[in-house]
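I've put the structures underneath this note.
Here come two complexes built around chain A, the first alongside chain B, the second alongside chain C.
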Partner chain A sequence: MSSFGNRKFIKPVFILSILGVILLAITSLFLGTANIRFPDVFRILLSYLPGLKGRIPLDGISDSTISIVIKLRLPRVILALLSGAGLAAVGSTMQSLFRNPMAEPGLLGISSGAGLGATIAIVIGFGDSIFGLGTTAIAAFIGALVTVLIVYNISRTGSRLSQTVLILAGIAISFMNSAVIQLLMIFRRDRMDYIMMWTMGSFSTAGWNKIFILLPFLVIGLTLIFIHTRHLNVISTGEETAKSLGIEVERTKKILLAVCSVVTAATVATSGIIGFVGLIIPHVLRLLVGSDQKSLMPFSVVGGAAFLVICDTLARIVAPPAEIPVGAITAVFGSPFFIALLIRSKRSVM
Partner chain B sequence: METQGLVEVKNLNYAYGERKVLEDICATFRPGMVCGLLGPNGSGKTTLLKNMAALLEADKNTVYVNGMDIKTLAVSQLAKEISVVPQNSYIEFDFSVFDIVMMGRTPYIRRFAQESSTDVEIVQWAMKTARIEHLAERSIKSISGGELQRVIIARALAQKSNIILLDEPVSQLDISHQLSIMETVRDLAHEHGLTIVVVLHDLNLAAEFCDTLYLLKDGEIVCGGVPKEVLTYERIEQVYQIVCLVYENPVSQKPHIIPVHSR
Partner chain C sequence: MKKVLSLSLILVLCVVILTGCNYDGKITQENAPEPKPTSTSTPTSNSDPTIEEDLAYPMQFTDDRGNVTTFEKEPERVISLSPNITEVIYALGQGEKLVGRTAFCDYPQDVQSAVVVGDFIEWNFETILSLEPDVVFASSLNTEENEKKLKDLGINIVYLTQTESFDSAYEIIGMTGRVLNAEEESKQIIEDMKQRVAAVVDAVKGADRPSVYYVVGYGEYGDYTATGETFVASLLDMAGGDNIAADITGWVYSLEKLMEEDPYFILCSEEAKTAFQQTNGYKELTAVKEGRIYAIDDNIIVRQGPRLAMGLEEIAKILHPECFD
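Up next is the complex of A and B:
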């Protein structure tokens, strides 16, 4: 059940939270090492809206400022929004699917598998060109899918999945993937920084090309997840129960696991392994809006997007000109917040 | 002949891997009757129940609902015929009682559709019948074990099926909840005409509330019939390996068993 108590408030609160995220994104565009005035950010954004092109006077704003906002900061903010939305939705899906509040995209080795795939592509020598990025992304997908298939087949008996084995196998494979990534890093010291970016997660190389790679997977993945929210609710109360309520449990699980793998792989391929979002955001929101995925899922998407934009903004502005990996920020700022919420919810239960 | 809610089990065998659990089970369950499944731990009661609900992969042509082989029914079709109240209904996540009961409507709600006013009416009827209307907005995490069992029964009712299978619905409850839940279950059969199949451990509850009984031992049905025929002291001694006395309950005239000691 929710802290909002009344279901009637859910919709207005959701609309407010979307407006909040938009405001947050614009604020993030204005923050950074280059000093850009807030009204200028607005004018630049408005001038790029379809229909308004050329009608907004941009005098007094230098070309380099426009270029910073449109070519550097905007894709970065959008990529953070999309990755956060995707990772939180995947986390929320996996928590319901496995009836385990600790489930997250890193579970089952999806993230590390994608990371390993990307690392191999980088080591072989594909760079950050459009062609290279595409290849790295494909390698990340393959890594994620191969890992999930291995984990899935280990834990499958007949047509049923053993949950415990699934999670244990996922953890074991994750460790192995991480170890191989470390080894590859040692063998290719010259590419170490580049690989580090993948393993810690960063939006510093964000560009429109990455957005176009991520977007289709995200749209298809989220659509499939939203189609299944009712099923997810029922499965989260028990698999046999779900079956006796008329749900094709094994088929639904396979579809959603595939979706989770692909969406995670797409975010890892574009921005590296960003931990914690998929675990903490659905969990925090569960405490606020309840476990019904019909409201939890949309809030997770918005919450994950907001959280990563905040974290990435901090990654940019905390210690300029140095960049802090966004994965480090998510953990540093996320865990105390998470612990505080856990303590609060424990008190309200007692 | 009324066939809605008729369940027939014909020559059902079931094994977990190499271990045979059910052997050549034949049984019939009729609408308007409460039928109890009795037997020691490991005798196959729950396995039989799960086979009847297609939760386990039984062979073809072994379980029939309304004359149809359940193997030929889609999962969603079967959910409209049979509801299950499982042994363990622990729910990890926080839902309202209303949400849980509404899940009983899953087989009727199309993928993109919202719950209709009919669904809401049926859920309200189910909660009223299971006597949990006052709990509707409460969290599933905040209610007692007895209340939870009623919520799960309400969810089963919301499925609007003609058959409800219950696996040890009262074994973890106090005596007053045991009686009141068994009374509710009996009303479902006698007043609403549902087919009720219930796994029980308590022989006296079974004698009191069931119209017919099947007694299982080592995966086979030892005998079936009305409580008076099934629950004789020789048979209880043989199946449970105990020494007991069997009296007649002076109020209900049903058999009443007093266990004396194990053999």
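Up next is the complex of A and C:
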């Protein structure tokens, strides 16, 4: 199945891909609309390395140049890495959990709930910020979680969760949320652009505050997901099998659903709705490394991170000085790549 | 949703293409600020120079958001993120200080020399930072999140509210003048505008008030107009018109209501004029049939800047040609 065939290559390939992402992230720091010379970026970055502080001469580099590299590009790249890692891991988890190739982070109405929350905040007006996050982000986070709770409660019978009802309720609520967003846009046409731009996702206001808010959710969430990769493998072959093997399917499902919801909500709240990553990246990697979650999950995390860094870099540099919403880039550049992979894998099967 | 999204994507692409044209893609270290030894910008107006020097720096300035900014010296490099403020800066004779603007800032012609740093919502923070501005002007058209981000980056930001009243323009002109050390000029502009407004109000006094409808949007894009709570409506009112949407709020209107009210005059933008008259329903309106649909430059009536008085005059001349012979 997998392109790497032999399992013993998986580890070195994984280490190489991590190095690749790091290289990619560093490359991204050198690119941007401001034309900063590469040696300058290099000196600035070196001077911020622990132990080297103050030892690298920064004369000749203006304060604004340092700000651009350290306060603009660096947090952006890190936030893109984190969001990509989180969304791809969630997507991969959901696809195994629901045994459904269409599953993605927004499946249970999380994205649309976040969108509705943000829309309400945008329509009411921009208030004060809390914990360095705007009211829009907080409203988005609340909207996402409220939506998931509603979907969850609809599909719960006793202690069991019906999968079909979960998906259907998620879709229904998504449609409802989108419709309400549209209604609000119609009545507040003057706020339409803001809502639209928010729903397309962007890292342009990335900052250390957002990173520190997202990081704990991500660390705890990914840890829990990695603990359950073996369970995911079994559940993806069928719940009955899983039960007969002594796995507490309902409990695992609930834990993972909660983790997925919170990680997605936190990501969407900090950077808007960024589609495609959570849906396609796990599929791409499934084609490359096979569907064993023990290797698929780490590769998804790295792949998602790499993909969003690339997309955000493109968003920054393809049409200066305009910023393209990263959500628009992901699909435009990602879809052809995925389709090409699909065609290739189809050929190899035939 | 899909349709709306794709529409917006087209919009974004248009903006990209448009802005891509007049931007050479490079902000090099070389054309970054060269320090100016002294304030070389002598105001072109005949104001007393001693008044200028009276404004002592460092100056503290509190904007409409409560941001307190201390200016150590007169700002030399200015970015405006709102078209109305861009116009104010030029009207104050401070245009040469403008180094950055939005893609929507298109007046006066000279603004082309300033670098585009984004639109209302998406700003290119890298470009803004590399321009090393002494002050960045923002308005209600921008988002607080972006403002906060700029502040965190250590940029002086001055936020000027646009409220739904004509006087808001005076506030914005006055405050911009204070920040840019051009208070005399700003007072002159405000005085001049007030005189022109008074002249219009005086001229249309006593005349009968024809009903009027101002087209913001129509047809499949939805019917939108300036209802009673907007400052554009107060322009219509001051110009001696009877805005048929005066008694409702928000921006939403409907074709049926428009046909029911059947206004005597219709005002719309130049681009919309022809298509509006050919669209089903709208072509049945009496004003369209009898040729009383007039194009007016949106920018002079929706931007709360120095041209607002001119906008008022133009509306009044359309509604009451007899009063302006």
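In this section, the second predicted complex is superposed on the first by the 326 of 350 C-alpha atoms of A that agree within 3 Å, B and C clash if a C-alpha of one lies under 4 Å from a C-alpha of the other, contacts with A are read in each partner's own complex, and residues count from 1 in each chain.
By our rule, a residue touches a chain if its C-beta (ideal position, glycine included) is under 8 Å from a C-beta of that chain, and two chains touch if they have at least 3 such contacts.
Values in this document were obtained by computation on a predicted structure and should not be read as measured data.
> Which partner, chain B or chain C, touches the larger number of chain A residues?
On the superposition, C touches more of the residues of chain A.
> A:P101 contacts which: chain B (first), chain C (second), both, neither?
First partner only, chain B.
> After superposition on the shared chain, which partner residues are touched by A:T241: those of chain B (first), chain C (second), both, or neither?
A:T241 contacts chain B only, not chain C.
> Answer with first, second, both or neither: which of chain B and chain C does A:L16 touch in the superposed model?
Touch partners of A:L16: none, neither chain B nor chain C.
> Tell me the contact category for A:R286 with respect to chain B and chain C: first, second, both or neither.
first
> Just checking: does A:L49 make contact with chain B only, chain C only, both, or neither of them? Give me first, second, both or neither.
Neither partner.
> Quick one: is A:R230 in contact with chain B, with chain C, with both, or with neither? Answer first, second, both or neither.
In the superposed model, A:R230 contacts chain B only, not chain C.
> Looking at the complex, which residues from chain C come into contact with chain A?
Its residues touching chain A are 1, 4-5, 8-9, 12, 15-16, 19-20, 23, 25-29, 32, 103, 115-127, 129-130, 132, 143-146, 148-149, 152-154, 216-217, 222, 224, 250-252.
> State the interface residues of chain A toward chain C in the complex, per the touch definition above.
32-37, 62, 64-65, 67-68, 71-73, 126, 129, 134, 136, 178, 181-182, 185-190, 193-194, 196-197, 199-200, 202, 204-205, 207, 316, 319-325, 328
> Which residues of chain B touch chain A in the complex?
It is residues 50, 53-55, 57, 75-80, 82-84, 86, 89, 91-96, 99-100, 103-104, 106-107, 109, 111-112, 137-139, 141, 159 of chain B that touch chain A.
> Help me check something: in the complex, which residues belonging to chain A touch chain B?
Listed in rising order, the residues are 1, 96, 99-101, 158, 227, 230, 233-234, 236-238, 240-241, 243-248, 286, 290-292, 349.
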